[in-house]
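One structure follows; several queries about it will come next.
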Amino acid sequence: MTADLAELRPGRPRARPAGGRGPAAPSPPRRRHVVLALGPWSLRVERRVLGVGVVLAVLVAVAMAASTLFGDYGLAVRDVLAILGGDESDPRATYFVTEQRIPRVLAGAAVGAALALSGAIFQNLSRNPLGSPDIIGFTVGAASGALAQIILFDAAPDAVAAGAVVGGLGTAVAVYALSWQRGVAAHRLVLVGVGVGAVLQALNALLVVKASLTEAQTAAVWLAGSLNAMTWGPLLRLSAALAVLVPAALALARPLGSLVLGDDVAAATGVRVERCRLGLVAVGVALVAAAVATAGPLAFVALAAPQIGRRLTRTPWAGPVVSALVGALVVVLSDLVAQRIFAPTQLPVGVVTGSLGGAYLIWLLAWQRRNPLL
Amino acid sequence: MTVAAWTGRAGPTAEAGAGEPGGPGGAEGTAGPAGPAGAEIRTSRRAVGLAVAVGVLLLALLLSLMIGSNLLAPGEVLHQLLSPDGTGNTSVIRGHRVPRTVLGAVVGAALGVAGALMQSLTRNPLGDPGVLGINAGAGLAVVLAVAVTGRTGIGFYLWFGFLGAGLAAVAVYTLGSVGRAEATPARLAIAGVAISAAIAALIQTVILTDQQVFNEFRLWAAGSLEGRGWPILRIVAPVVALGIVGAALLTPSLNALALGDDAGTALGVRVRRTRTLTMAAVAVLCGAATAAVGPIAFVGLGVPHLARAVVGPDQRWVLPYAVPLGAAMLLVADVIGRVLVPEEIQVGIVTALLGGPVLIALVRRPRLKLL
Amino acid sequence: MTLPEPADLADLADLAPAPAPAVDSPARLRGRDLVVGYGDEPVIDGLSITVPDAELTAVVGPNACGKSTLLRALARLLDPRPGLVLLDGRAIHEQPAKDVARRLGLLPQAPTAPGGLVVEDLVARGRYPHQGLLRQWSSGDQRAVDAAMARARVTDLSQRPVDQLSGGQRQRVWLAMALAQETDLLLLDEPTTYLDIAHQVEVLDLCEDLHRDGLTVVAVLHDLNLAFRYATHVIVMHEGTVVAEGPPGEVVTAELIGEVFDLPCRIVPDPETATPMVVPRRRAGR
């Protein structure tokens, strides 16, 4: 048996295995993980991830509080606090706080979390930090559906949202079906996505060009992604969707951790590769659909939030919980900025997230030494 | 074919098999007997193909001149071109359709060549010249020009568009080579995505706050040959010609570089200089085209593939093919856009509507030749 | 669960390895009439194979003869229909994936780990088949990971990123991950390719240890001499069929190697282990 030179340092016992697998082997220093156990449920988490997660959760809460207090309609902080405490003396102010600000803030957090979670799923599945649901043409398809509703059918916001979901899902299915030839090869999916995306993009441009100016502007606002005029109705629908999708995403996160090692390795350790992948794609698409139906296609959250989360926790892949928290934080803060920066004009929140996203990518290229992208 | 024959340089006959350049045509374009006799056959076949391409272009030119609000016979078209008789048809043909047609041909050629350069430079068959931030840069400049000055009209913001495209290309290149790193194709692509995204957000901010700007922008962004007459052509054509000449001069170096940076250096190519110059050529060609006409999809992406399907990855042939093929493609798209519905569909939209399904059909072929 | 067996077939685990052609035997992993391919032309067409229990089997053959294809089909990564792969008597495709992964491990060719992934985390992934949605980590998992790392001798590398290790170290880490699955059968697809000679020997020594501990090990190997040195059972493949199998000493002849690999050679006994060693003949006229 060849000696492992590293182990021949003086005074260090050689870690020779005993015959068979019974007796315990010497264990390395256990510094990095914490095992949380409660009854039949047990979970192993890295300390740093746990810490970052807790801090992020606190930050999200703070941001949401700030956005509630400092939102768009000029209200003194004192008054807002009073309203939150139950004071209903000023019905209009009360209305603005309870029917507009609070749902807006909650929706922002929920949409951010959903988008970030979806982005994390797609980036890990495609093993590409630039991966996003756009690959299967979802965003473009959603835009087509929404634009058709706005420009061709002059529809109400709820119908626009429904159109977006139908358009997006239809496109995703079409792209998947068109790239299916005894299974879906990754490169074929990308190319078909490009082709379908281009066609839909052209149709969108056609609609925007041929529409009346007001219709086109309404469409442009929707396309930017906006939380303006958010009410409890869409928020509750989004929450209902997330109540199902988030647990599903978390359950599938474990096999995802094996899928990033490659299909073969994952299959060898007992992961049902095709089934898990399909489930993950379905959950990812559903998350995006729910988010887009609620707030339109917010740029960049799905792309940037998981990577930011990954950097904060210094892990090789984007964990779902941290990604979701970062996404929520980004959207809530962006919405606050969007409301205040050109006050009283409200910018759509998508413009702020888009700018942040662009800046993020530039920073990534310019200031990252060990750049995992390249 | 040996590497030396490809690049026209006296160099070691390196194994060209390892660094297989992207794109189809390895088998199709160079099938036939090997050796000197085979080379002669190939060259004459390619020359014939080029003549066919030019023929297609002439046909497209003719169609573009014939078709419009009223259909003119070919004889009438030729008559007006050669000996104008001052009738209404003269102004239609000479004043309106000729500049539009020529502009379409020039822009199409520019995009085709830019695409060929792009795909060769990045060794990526999905290379589209717009990826380098050029479309976004032109768009932002146009938007700002209208927003700040309140003036509209393509004759006015053409210059801004060109400037914006150039600045964006410079920004992308700088970002791609920041930190004294090499501006490798991968870095350039990601820098392009980053800059385009940042610019897109800025564009959105402006158009959502100014109605007039929004109106101008949505028309420009569709990519149209409408309303661009001789003035535009006079500005754009020389620039494009310059770009194409530059591209032609770069072809031997690009051929060598297609085998990989290391192989190229071994053959004596100055990699960094070639890359910079190629990017400049792409910026000039694509910038001029986009500034004049708006962003046009798929011509830059598809034309090189068509060319390579016929002649293989030799840039010395791809470029001459890209010129008539690109021009013809754009003109045909424009004609279809005018013919299909009573109210014209912009050419930028038509190219995408047609290009997308063609791409999908290609991808679905059993032996995928794209990659 | 066994099929009715001919009475004169002895339990393979007890005897010294006997030259066993494809006759029905109670071996745990078997393939029947496998048809496997990546497209129109099948690489393997109607092959039946038995993996002898408690042997260290080397699968050798020239490039593109179907060695890796066979291994992947046996590990249920590829579809062998209309043939069948049997694990413990039942069709492998009918058994739950995690169940199979608790008994059969596979180390695929040239595996890659995402940048920054630490050794211990990679090895921990091997515990997947033993974990569930609720019980995601237990002390048993920890023990298995520690034991696997100790066996593969990578304990002191446990906190280092995988992509910063040398080729040999990295391969041992991947082996540790496969070992963490705690299986009785272990399939290795080209575990020594791209490694220098010292690291090849390191990895094969580890395989030998595992075999001595009672595992059934099957490895696709390129280096014939190392394969014949370490293997107790060798399967020689050529163009999708098995042309010979059995203990190296009995099966390997100059004629066999010459025909299968198109290489005129001599077979001499290895000076260290007396196993067959292939010595290519010099070119004529030199």
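Letters A, B and C mark the chains as written, and numbering starts fresh at 1 in each.
Here, a contact is a pair of C-beta atoms (placed from the backbone, for glycine too) under 8 Å apart; a residue touches a chain by one contact, two chains touch by 3 or more.
Keep in mind it's a predicted model, so treat the numbers as computed, not measured.
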item: Chain-contact steps, minimal, separating chain C from chain B; value: 2
item: Chain located farthest away, centre of chain C as origin (C-alpha); value: B
item: Most centrally placed chain, judged by C-alpha centres; value: A
item: Approximate Å spacing (C-alpha centroids) for the pair chain B, chain C; value: 53
item: Intercentroid distance (Cα basis), chain B paired with chain A, Å; value: 36
item: Chain A and chain C: spacing of chain centres that average the CA atoms, whole Å; value: 41
item: Chain B partner contacts - residues on chain A that touch it in the complex; value: 130, 178-179, 181, 187-188, 191-192, 194-199, 201-203, 205-206, 208-210, 213, 216-217, 220-221, 224, 299-300, 342, 345, 347-348, 350-351, 354-355, 357-359, 361-362, 364-366, 369, 373-374
item: Residue ranges of chain B in contact with chain A within the complex; value: 126, 175-176, 178-179, 184, 186-187, 190-191, 193-195, 197-202, 204-205, 207-209, 211, 214-215, 218-219, 221-222, 297-298, 343, 345-346, 348-353, 355-360, 363-364, 366, 368, 370-371
item: In the complex with chain C, residue positions of chain A that touch it; value: 1-2, 4, 6-7, 15-17, 19-21, 24-29, 31-32, 35, 40-44, 127, 251, 254-255, 257-258, 260-262, 264-265, 267-272, 314-317, 372
item: Sites on chain C touched by chain A in the complex; value: 72, 75-77, 97-102, 105-109, 111-118, 120, 122, 124-126, 128-129, 131, 133-138, 142-143, 146-147, 149-151, 153, 155-156, 158-159, 177-178, 181-182, 198, 201-202, 205, 209, 212-214
